[in-house]
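See below for the structure under consideration.
Order of writing sets the labels: A, B, C, D, E and F. Residues in every chain begin at 1.
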Amino acid sequence: MAFFQKGNAILYLFYVSLSLILPKLQTRMSNLQMTDRLSKVTEALTHPDSLKSFSGEHTHGEPVPSGHILREIIELCRAILFPGFYGTPVTNLRSMNYHTGVNIEKLYQLLIGQIRAGLCFADEEKQHSEKTDKSIEQKNKEHCSRAQELAVLFIERLPDLRAILYTDVEAAYNGDPAAESFGEIISCYPAIRALTNYRIAHELDLMRVPLIPRIITEMAHSETGIDIHPSAQIGHHFTIDHGTGVVIGATCIIGNYVKLYQGVTLGAKSFPLDENGNPIKGIPRHPILEDGVIVYSNATILGRITIGKGAVIGGNIWVTENVEPGARIVQKKYK
Amino acid sequence: MAFFQKGNAILYLFYVSLSLILPKLQTRMSNLQMTDRLSKVTEALTHPDSLKSFSGEHTHGEPVPSGHILREIIELCRAILFPGFYGTPVTNLRSMNYHTGVNIEKLYQLLIGQIRAGLCFADEEKQHSEKTDKSIEQKNKEHCSRAQELAVLFIERLPDLRAILYTDVEAAYNGDPAAESFGEIISCYPAIRALTNYRIAHELDLMRVPLIPRIITEMAHSETGIDIHPSAQIGHHFTIDHGTGVVIGATCIIGNYVKLYQGVTLGAKSFPLDENGNPIKGIPRHPILEDGVIVYSNATILGRITIGKGAVIGGNIWVTENVEPGARIVQKKYK
Amino acid sequence: MAFFQKGNAILYLFYVSLSLILPKLQTRMSNLQMTDRLSKVTEALTHPDSLKSFSGEHTHGEPVPSGHILREIIELCRAILFPGFYGTPVTNLRSMNYHTGVNIEKLYQLLIGQIRAGLCFADEEKQHSEKTDKSIEQKNKEHCSRAQELAVLFIERLPDLRAILYTDVEAAYNGDPAAESFGEIISCYPAIRALTNYRIAHELDLMRVPLIPRIITEMAHSETGIDIHPSAQIGHHFTIDHGTGVVIGATCIIGNYVKLYQGVTLGAKSFPLDENGNPIKGIPRHPILEDGVIVYSNATILGRITIGKGAVIGGNIWVTENVEPGARIVQKKYK
Amino acid sequence: MAFFQKGNAILYLFYVSLSLILPKLQTRMSNLQMTDRLSKVTEALTHPDSLKSFSGEHTHGEPVPSGHILREIIELCRAILFPGFYGTPVTNLRSMNYHTGVNIEKLYQLLIGQIRAGLCFADEEKQHSEKTDKSIEQKNKEHCSRAQELAVLFIERLPDLRAILYTDVEAAYNGDPAAESFGEIISCYPAIRALTNYRIAHELDLMRVPLIPRIITEMAHSETGIDIHPSAQIGHHFTIDHGTGVVIGATCIIGNYVKLYQGVTLGAKSFPLDENGNPIKGIPRHPILEDGVIVYSNATILGRITIGKGAVIGGNIWVTENVEPGARIVQKKYK
Amino acid sequence: MAFFQKGNAILYLFYVSLSLILPKLQTRMSNLQMTDRLSKVTEALTHPDSLKSFSGEHTHGEPVPSGHILREIIELCRAILFPGFYGTPVTNLRSMNYHTGVNIEKLYQLLIGQIRAGLCFADEEKQHSEKTDKSIEQKNKEHCSRAQELAVLFIERLPDLRAILYTDVEAAYNGDPAAESFGEIISCYPAIRALTNYRIAHELDLMRVPLIPRIITEMAHSETGIDIHPSAQIGHHFTIDHGTGVVIGATCIIGNYVKLYQGVTLGAKSFPLDENGNPIKGIPRHPILEDGVIVYSNATILGRITIGKGAVIGGNIWVTENVEPGARIVQKKYK
Amino acid sequence: MAFFQKGNAILYLFYVSLSLILPKLQTRMSNLQMTDRLSKVTEALTHPDSLKSFSGEHTHGEPVPSGHILREIIELCRAILFPGFYGTPVTNLRSMNYHTGVNIEKLYQLLIGQIRAGLCFADEEKQHSEKTDKSIEQKNKEHCSRAQELAVLFIERLPDLRAILYTDVEAAYNGDPAAESFGEIISCYPAIRALTNYRIAHELDLMRVPLIPRIITEMAHSETGIDIHPSAQIGHHFTIDHGTGVVIGATCIIGNYVKLYQGVTLGAKSFPLDENGNPIKGIPRHPILEDGVIVYSNATILGRITIGKGAVIGGNIWVTENVEPGARIVQKKYK
């Protein structure tokens, strides 16, 4: 497959070299010539051949999820969950009531739009054929009312989300001698930001909202270096120290009171292919960590194995087999 | 401890399933019902029971540190320390004088607010009992004048901060064959951003400003993947290559001319508990790296051990014991 | 070399201690005194002695590259390359035509400024001596017309950039059982963001634009934790899973269909020094990965070695010697 | 009718006086008391009794017209009608094509929202009684599709709007010896801004879009001091010199080549009342100005009278009776 | 008095002419020369001699009123008084409660700052001599607590302000056959904007807040062309048609059910001077309009005269003597 | 001349009516049809026939003056001229020095761009024919260096501008019994804003900068309702009370200590036409007001007449002949 125009590229390299060697021969391009060349690029880039692969299929005028708005949604959730630490500073319970009311209303409106965009997106990607004007309109109506329902359901989950995030703050505080207060942990610790995004995304994932949960966890990934798949299942009192480079795969199951250090991977070892040589999607392929497990920095745990209750995995090692409850695995000494 | 309402959660899961299976039975919720349900969530989230754990204690109307303003403070410091590379481009010495004057004035005003917020925050977290209106007002006045003093003291440290950061730039330039100029290092290298934040935070930490230093180093952590605790002590000509995943703990002592690569952890091995089973805070628990030490990528050095002068630690290994000066430690071969 | 004023620092520490111990003796500094002290800092910071090392040499009024504008350039490129996923949502081919036209025009104008700034910057850094007003004006004119040419040349490369990035999306989709659509990969996967920046920067690097390419890849480094040097050479169908902590050095050569996991380093082992003890710049010092190589998480491959076609490198290991095609290297077991 | 609470007001005046006279007796209100008093005001202001008169009737969750968005609509129209003078500077015909395309698309989307809001608003105001959930949804659907149609119809009128506005520019140029170019008139003259808004608003008024046209002409009124009712009918080559204080009433009919100076009023003399003593709405009550009429500054022309072709009305006079074609009316001399 | 440097000005005119005539002789100024000349201007403009007259007296570091924040205050007041027409659209009573609560809190905080700035400003202007550091601090404290009290008092007046503004809306509706709904009047009519600002400013004026009330009415003047002095006293059911050019002086007393048209002046005729030839401030010098008076466009009513109950003043005339109740005064006919 | 397409318009009116009467027959337009119709409008609006009249002549890629930037220029001038009243609040002389330096530097850069745009604009408007690529480039260079010179010259005029504006503040204070301080006048009085813009524009007009001066005075016109042509000549101690509706024509000459009230017109009576029937531009046609003249509200003074020293013109009258020094002219009584 010749995925890019060879001839063009060679010509281009030739041109670059020429222009590097002979700057003096070259008279200044006129404005007209510039315009001409830029217009040709515009045409090339909007030619269906160039586009088909990327955007031909989901540009029927439906809304697409917006990174900008999802960022706002996360900020609203943080302000609602941790009033006084995120969002407008609050000064008393009554004022908190007003602010929370306004934030929830705004969150509700933004969520409807993004959930609906997610639902449309999934449709676009899955079924290409039988679209009629009628069916599109029908779909649209369904997505709208479904998005409204899911937005309310999600918002009703916020009190429980706050309760479980509280246990995570508690775990971080208890596990770090450098932490001086719960407030410090909420304000500074990347683990709390990553877990807030994950727990939000996980709720949306449970509701089968497409795409949005992934974007939300990737936002935390970019912000903290902690990459948790929204489908992973994580218990309470979970904490991650420092966090950069942590990866938690889609089918992980993590118990309560588990602690990870930076650079830990809970990944898949390999994945079976179907008859066409494509990876089979959706089968369990990531580890199970039982209650109280500790994994030290840069350890790599791969495959659907079980790390037993209370086991401790040392840093910088590669684990691909079950570990007994209470076991302590460490790297061989360097000499 | 039933930290979240079980019954509610089950009901919710049932509701989700129902709504997934039976979308047709469900008639569109009326606007009124929506409003009602959202109001109930607002009430739940501002009920003291739900809040107490998080924000009940520091919402007496005192200012809280603001991530947004601290980011502005860092940008001002960068513009002052590296004029021409950050902030408004400057065109000559006189113009630099005007810009630096304006920036320092702005920095001074923002710092006062944030330092004061940090001082209030620490108060809130530490003592809950004996607050009277009188004592609050007195505290406020003390915090205000203390914040003003510390802000000036901090600003007076900036010339020295620039001098030591210059040695870090020098070290990065000398250590990287790909670096083409000092300017490239100041503009691009994440290590310089992380060290600028760290050296700023360290000054504030020395002045016992609470919370703010940690937020500042976590900003750099998010931006660069380099996590340096503001209490760590780091000499001059320090450099970190690439940097993602580096962790430098609170009680680390790092000499001059030290170089780290990406993914290096200078962490605690374990920490002694007090009689209540809580970690004892404040005791030395991170490594000492003497002058000229080099640590390669993803190495993990744990505990209050000493890596002797000029020692070289290879990549991907776990060090928990002292290393002789000049020693060279490497991972065992893979076969 | 006494790079910072010792006396000052000691005095300062003394002052800090004093102010900590004796807050009551200290009467509130008057506004006038404050102003005085701040003014002195401004003078100190704009004194040529303090500045010379940093910005004395490139503040002759020439433009400097702007992080802010480069970020806008990247956003425009993403909107042009992936219409509908980045930038304004597009609703049909005709609208895409208008938007792409406007975006390319804007990109052209911003690029001219930044490329010119890069060219000036390189000049400043390299030659200090013989500047006359005349030669500066001449240089300026040359930079202007050169920047215009290079901006057009770069824009003409965009269709090919889209074509090769498409193969990267394809590779990510095929390699990840959790990925549900091409759209999800374009929207969420950090590897695509990092590769988009890298492939843009690589084009500019080929055109010998100074500094700008490095700033662009460092932006992706900050956003994704993936650090790819713009001079590295990377084939098509390249993918990086999760990505945090990946480092790809300046002289790497990577074939087609290669896959890396998070934390992988493709670095230099050591670099020869010239007669002055400075590292010799520009010689090949990073690995070559042939077609189809897979490197698992946190592996470190150092030096100008070759990993043969289809070889698989296990996680958490350190490779410094050639690896045969098709070989499979893993870490020794932990027991 | 006791439209405001007398008792309260007296108490308040007493309180004010007290606080002015006796500042020393009054101890500083506690934060708690403040909060309490502010909360009471919030309650008072959201009590249905206080609200009913204003907003009780149109707050059923329907969109309301937004001044902010209407301002954006006007800016888009100006950029489309006068490319190069308003909006992004354009550099050539092709670029103008892209920009106009993008602007029209944006205009279309914003117009739909605002026209729909106007339609809803009119509904709310007119019929209070028989609203059922069903009828609301039906109305909503109708408004949506009507708004879409009207937005397209309006946009299709833009080429003709540009043509007639061109005659107004021509008239201003010919009539003002101080004008140096058409460009100056388009850029600076308030009359052109006011006429652009009027001609836009008049089109929407012809389409029976409620409220929006009035908001648009009032924007011009605020910007220029020229108050033209959107229902007025105005021919081509119309111009207003300086303009501040000009008023043109709703049933005015103005021919071609008419010129007004600042402060001219074309108003109603009196209006007949219906049996309830309310003014009868909609009957012709403002003057008719035939082709070529000139009215000098601060003249006031009232009632449904006709100023004949080519008549000239002097400044500062009050005209309430028909004026013959070609007549020249002036104020009596001051002595 | 030689209030500006003659010599300089002549030199300048000479220079301008020269540069206009001889552009070719003049070689391009070097950057250095430019910088030099600009620096000299900076010095001239910050020399105490140049400044004394303007800002020397009130730049002791006290806050000054901010046009930007006062604009925000007015927007908040409008949103609180007319929910659904200004500010965030509200969708139901409960949501209005949250929004009003948040708005009042914000209004309270901004008001404190601005009222305090007004109090400081008045101090600065009045007493120059005896300022000691101590007295300044004492003043500051008094201003702070006074500002807090007045802010609460003002907010407690908002329900009554809404009630009286409602009568103004009613009057506008009844008086204008073109008005189609109360909503149209609130949204569009400049009179309502001007009266809202006036009634707000009048409350603050009653509380003796300096400067702020004038800035607020001048904002409305700029927006609507209606200039009402905050000290004027105006009854209920007041309306102004079109409004541009209306002036209502500081000591005017206007009854209920009064109506003005555009361009009406209620001014002072002349003002007695004191022994130094300065106007005596504060004596009644503007007209009294009794209940039900109507004044047509561009009429000018000057001096402390009384326009009796129900009198009608025709347009474009000059009234300087008392008018009997029920009288009807008109301009003499033009022929 | 059929300046707009009649056929089209009729068709349109028909369509509107149809759509008003028969909404039910009309099925919802498909998205495709909409797109089609919008595209056609884009084409119509960018067709050279439609454009030629407006923008064909000055869209050769040259910069055009920007209202947005000119507004910023005015704000910078106000901050420089009245530090502490406009722009950042300043706290002491040293800080004022830094701020003024930064503001002047910014002003200088913005002015260069706008003056250059003005020079290009004038060229475009005047000469259409003989443009070659060469001559354009030459012109460009000349404009650039001329713009730089004029910008410096203008900035060097600022100290004198401040001195003369001070006399205007003085005059306003002395003339208004309601004014309480110089500060109030600088902060609130529209006359000061209008005169600041006028005096700035007049300087630029003296330097023959095209277009820009007019845009600047029109900004003040929009903000204050006071319309002063930048070519008018105005002495010191000039003041305008209230101001709305004041017009001062291009060839007016106003002495010192003159005072105008709102609504005063100093206009042209008629203007001689040249042989083609076009007004002859540039001949004196507006009044001369000698020292100490007072003109009351809504008076209209027309033609090149002289109002002698100390004369007083009463309100609402029309003056077209010379007035003796010391004379007092008033409107005839209304009965």
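The working rule: contacts are C-beta pairs under 8 Å (C-beta built on N, C-alpha and C of every residue); 3 or more make two chains touch, one makes a residue touch a chain.
Since the structure is predicted, the reported quantities are computational estimates derived from the model, not experimental observations.
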item	value
Chain pair, B-E or C-D, that carries the greater number of C-beta contacts	C-D
Proportion of interface numbers common to subunit D and subunit F (over half same, under half different)	different
Between subunit C and subunit A, distance of the C-alpha-averaged centres to the nearest whole Å	23
Between subunit F and subunit C, distance of the C-alpha-averaged centres to the nearest whole Å	48
Overlap residues in subunit F, where contacts from two or more other chains coincide	31, 39, 42, 60-61, 91-92, 94-95, 97-98, 101, 105, 225, 244-245, 263, 298, 314, 316, 330-332
Of all residues in subunit C, those that touch subunit F in their complex	31-32, 35, 39, 42, 91-92, 94-95, 98
Contact set on subunit C toward subunit A in their complex	80, 82-85, 89-93, 96-97, 100-101, 104-105, 108, 142, 145-146, 148-150, 152-153, 155-160, 162-164, 166-167, 169, 174-178, 180-184, 186-190, 206-208, 223-225, 236, 242, 244-245, 261-263, 296-298, 314-316, 330-332, 334-335
Parts of subunit F lying in touch with subunit B, wherever the complex brings them together	91, 94-95, 97-99, 101-102, 105
Parts of subunit C lying in touch with subunit B, wherever the complex brings them together	3-5, 8-9, 12-13, 15-16, 19-20, 23, 26, 28-29, 34, 37-46, 48, 50-51, 53-55, 58-61, 63-67, 121-122, 124-126, 210-211, 214-215, 218, 221-222, 225, 227, 229, 231, 244-245, 247, 249-250, 263, 265, 267-268, 271, 278-283, 285, 298, 300, 302, 314, 316-319, 329-332
